[in-house]
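First the structure, in the form of structure tokens, and then the observations on it.
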Amino acid sequence: MAHKWGLAVDLDRCTGCEACVVACHAENNIPTAGEDQAARGRAKHWIRVERYWEGDFPNPRVRFQPVLCQQCDEAPCEPVCPTYASYHTPEGLNAQIYNRCIGTRFCANACPYNVRFFNFYNPQWETPLQLQLNPDVSVRSVGIMEKCTFCVQRIKSAEIQAEAEKRELKDGEFTTACAQSCASKALVFGDLNDATSEVAQLANGNRGSKLLGELGTKPNVTYLERGSWQDANKG
Amino acid sequence: MNALYGLYVDAPGAQRAVDALRAASSELKFNTRQIVVVSGEPHEGYEFTDSHATSSPYRWAVLGATIGGTTGYLLTTLSQKSYPLFTGGMSLTPAWTNGIIIYEMIMLGAILTTLVVLLIGAGLPNFKGVITDPEIGKGKILVGVVDPPQNSQAELERRLRLAGAAQVKQSTGT
Amino acid sequence: MQTKAEQIEQDLLRPLFHSSGKYWIAVALATSLLLAGVAAFCYQLYNGIGVWGINSPVFWAFDITNFVFWIGISHAGTLISAILRLTNATWRRPITRCAEAITVFSVLIGAIIPLCHIGRPWLAFWMIPYPNQRHIWPNFRSPLAWDFFAISTYLTGSTTFLYLPTIPDFAAVRDAATGFRKKIYGVLSLGWQGTPRQWQRLETAMHIMAVVIVPVAVSVHTIVSWDFAMTPVPMWHSSIFGPYFVAGAIFSGIAALILAMALLRKLLHLEEYLRPIHFENLGKLLLTMSLLWFYFTFAERLTTWYGNSPPEMAVFWESIRKQFAPLFWTMVVCNFIIPVPILAIKRLRTITGTAIASATVVVGMWLERFLIVVPALERKFLSYSWGTYRPTWVEDVLMASSFGMMALLYLLFSKFVPMISIWEMKVGLHAHGGVPVVAAPDGAVLDVAE
């Protein structure tokens, strides 16, 4: 059976440390925007930790919600791209093909989660940080859209390895950079089509819900939470 | 292009001239096709010409629209089938969205066909030279004979004047 | 003694052969605006779209606002020319070419803007379905692909619609000109003679074009509106956008036409041809469109407010009460509160009055486009990633240069092509017994001149 990559985000475990954000930057050659550009709203984080405050003193509560590309089955960003730069792979990923992108930014407008980012300038790294770039991931030039790919370079690398060794991929054999770096194991990555995988069991559990599920995008990222916050958005 | 023509102040006068020329065509040995009428604007309700424009431009436009629509259909459906990429969960050949492209191609087909039919039907671009007169710009209508036979010219001139020409001239065309 | 036909030809050909100093100053100003825009675009091309003010999540702002604005202005010519031709409204005769010219040039500008606003403009040709080895192919599901086909068709159609009735006038210029000019206009007129067969064919072709261009125009702006409505963005995802945008386009188009006519009248001394009755009739149309615009805006906002859906209300209050409230209420004043009294009261519906109303409408309609695009993007679903937008000088210059380009194209057009259709004015003479009259659509003779 073909793979269907998914992610489970456990909101009860997330501490808001943002190690996932840093790991994603390192793995995927994402430059920091700099103070000026960030102030203008151009900070680029393929995964970001959203922080919401509830309640007042003396019992304020803070929620951390890591938001990344939901790899929707019915992604609103896909039909609107005029050059098929945003398209759906057979393994359930919403892929962004940098070479095809002409930068109309329509996909970013259509995305309800605001997880698509545009290269407003050519990326720059202060020396010596350019030595740290990941050779498995392309550096995107100006005018191109980018977003979380579920670390497709790691997926491809593991699949190629497994095929070369003539065996099946095992759950937990590899994972995305964000899931790898999460200290509280809030992020779990794996194959949703493999019923024995951890992510499939979590996604089908009773704590799971989808972010903005009512929009019908059918995301492959499941948010886990014991509580009434997401009740209305179940499914 | 040589022409002998008269200038008439209004359409009824031009009609008389055309009728007179048609009546004299066999006698003075020229073909009715050599009769030329030139005006600075269209005149409704007068029979200046033998040939009647048929309703074929409309049919051609419909044909052009059909060709455009078929092209649009083939363009969208064939290319989508040969390069199968499902996006956003939509079907491979979504009829409604392809329909928008097909609609625009229908319109484009009708437009281009109308343009081509006009150019061909009106004989444009015309490389043969035009018979024209400054008086046409002032509202007069030119009625005459192209390449009139040499020995009939005097009689032609008389007939043109009889029909009420303000002037009768000879031109070599431009 | 001059006949009326002779006078028409003389008056309408005069601008082609004589130009005042004021004209050349206007051309110089328009050219410098355009060149400033070209420079700003080169700067943007070199550095990246980062020189604009757009950010995450406001990825479209001035660029798309201007795109929709110019495509909207283009609906002037279509309505006036095509529909008035089809309904045999004789008062349209002096107006048609001014209107058709506005259409062609504003569609041209509207077509250039998307090519310039994308991240990699040098690859814009990928929108064309051409056979290639790289598997590059447009996605026909995308509203931008629909835009490409619709705008190409509309540009082709409106250029044809403008050119066909100009052929006899090019012939008139050819006959009146000498030397090099005669040759050029000889080529442009394709050797037109003016035989009855040619006139018949031309009128049939114009009739077909008038029938075809109206649905094309409606579809073009509907498809442009679907650039927004086909996304799930709150307050973009609205089924009213199709008709709303078409009505708004016709509204802004008529306003632009009135402004252009008022200017032409003064600059080219066409007072005998562009008469108060024309401005009156167009003013009545503008009034109708203002009321229609208000109806659509009210219907959309009322249903949003009554529905009370939180994502939509976030956008709604931004426009009505919060950040964009000054712009929103200015828009209402410009589109409705100022124009309606001016256009409804007969005493105020003069040339000056309609021109003032049109000027406010043009401003108001630009604001309307802006207020559709930006507030909805600033306030999408997840409130953590809400943003704000502020334009930079590059976007301001690019916008100004689009107006400069329009002005330049129009000025050059008036220099090389008779702005009022000579042969159609002569037909108008014959329709009323040899005296230039101006007729109301119901056929009543309203004005008789010497």
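Labels for the chains are A, B and C, by order of writing; each one numbers its residues from 1.
In the analysis below, a residue touches a chain if its C-beta (ideal position, glycine included) is under 8 Å from a C-beta of that chain, and two chains touch if they have at least 3 such contacts.
This is a predicted model, so every value here is computed, not measured.
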Check: Counting C-beta pairs in contact, does A-C beat A-B or the other way around?
Finding: A-C
Note to self: Taking each chain's centre as the mean of its CA atoms, which one is most distant from chain A?
What the structure shows: B
Margin query: Quick check: how many Å separate the C-alpha centres of chain B and chain C?
Written below: 30
Notebook entry, point to check: Using CA atom averages as chain centres, what separation in Å is found between chain A and chain C?
Noted result: 43
Checklist line | chain A and chain B, separation of their C-alpha mean positions in angstrom | finding: 64
Note to self: Two or more other chains touching the same residue: where does that happen in chain C?
What the structure shows: 137, 139, 141, 145
Notebook entry, point to check: Of all residues in chain A, which are in touch with two or more distinct other chains?
Noted result: 76, 79-81, 84
Note to self: Can you pull out the residues of chain B that are in contact with at least two other chains?
What the structure shows: 85, 87-88, 90, 97
Item checked: Residues of chain C touching chain B in the complex -> 2-6, 9, 129, 135, 137, 139-141, 145-146, 149-150, 152-153, 156-157, 160, 164, 167-168, 171-172, 175-176, 190-205, 208-209, 212-213, 215-216, 219, 223, 422-424, 426-427, 429-430
Checklist line | Parts of chain C lying in touch with chain A, wherever the complex brings them together | finding: 47-50, 53-60, 114, 117-121, 123-124, 126-127, 136-139, 141-145, 148, 227, 230-233, 377, 380-385, 387-388
Item checked: Of all residues in chain A, those that touch chain B in their complex -> 73-81, 84, 86-88, 218
Check: Mind pulling up the chain B residues that touch chain C in the complex?
Finding: 11, 36-43, 46, 48-49, 51, 53, 57-58, 61, 75-76, 79-80, 83, 85, 87-88, 90, 94, 97-98, 100-101, 103-105, 107-108, 110-112, 114-115, 117-119, 121-132, 134, 136-139
Checklist line | Interface residues, chain B side, partner chain A - complex | finding: 85-90, 97
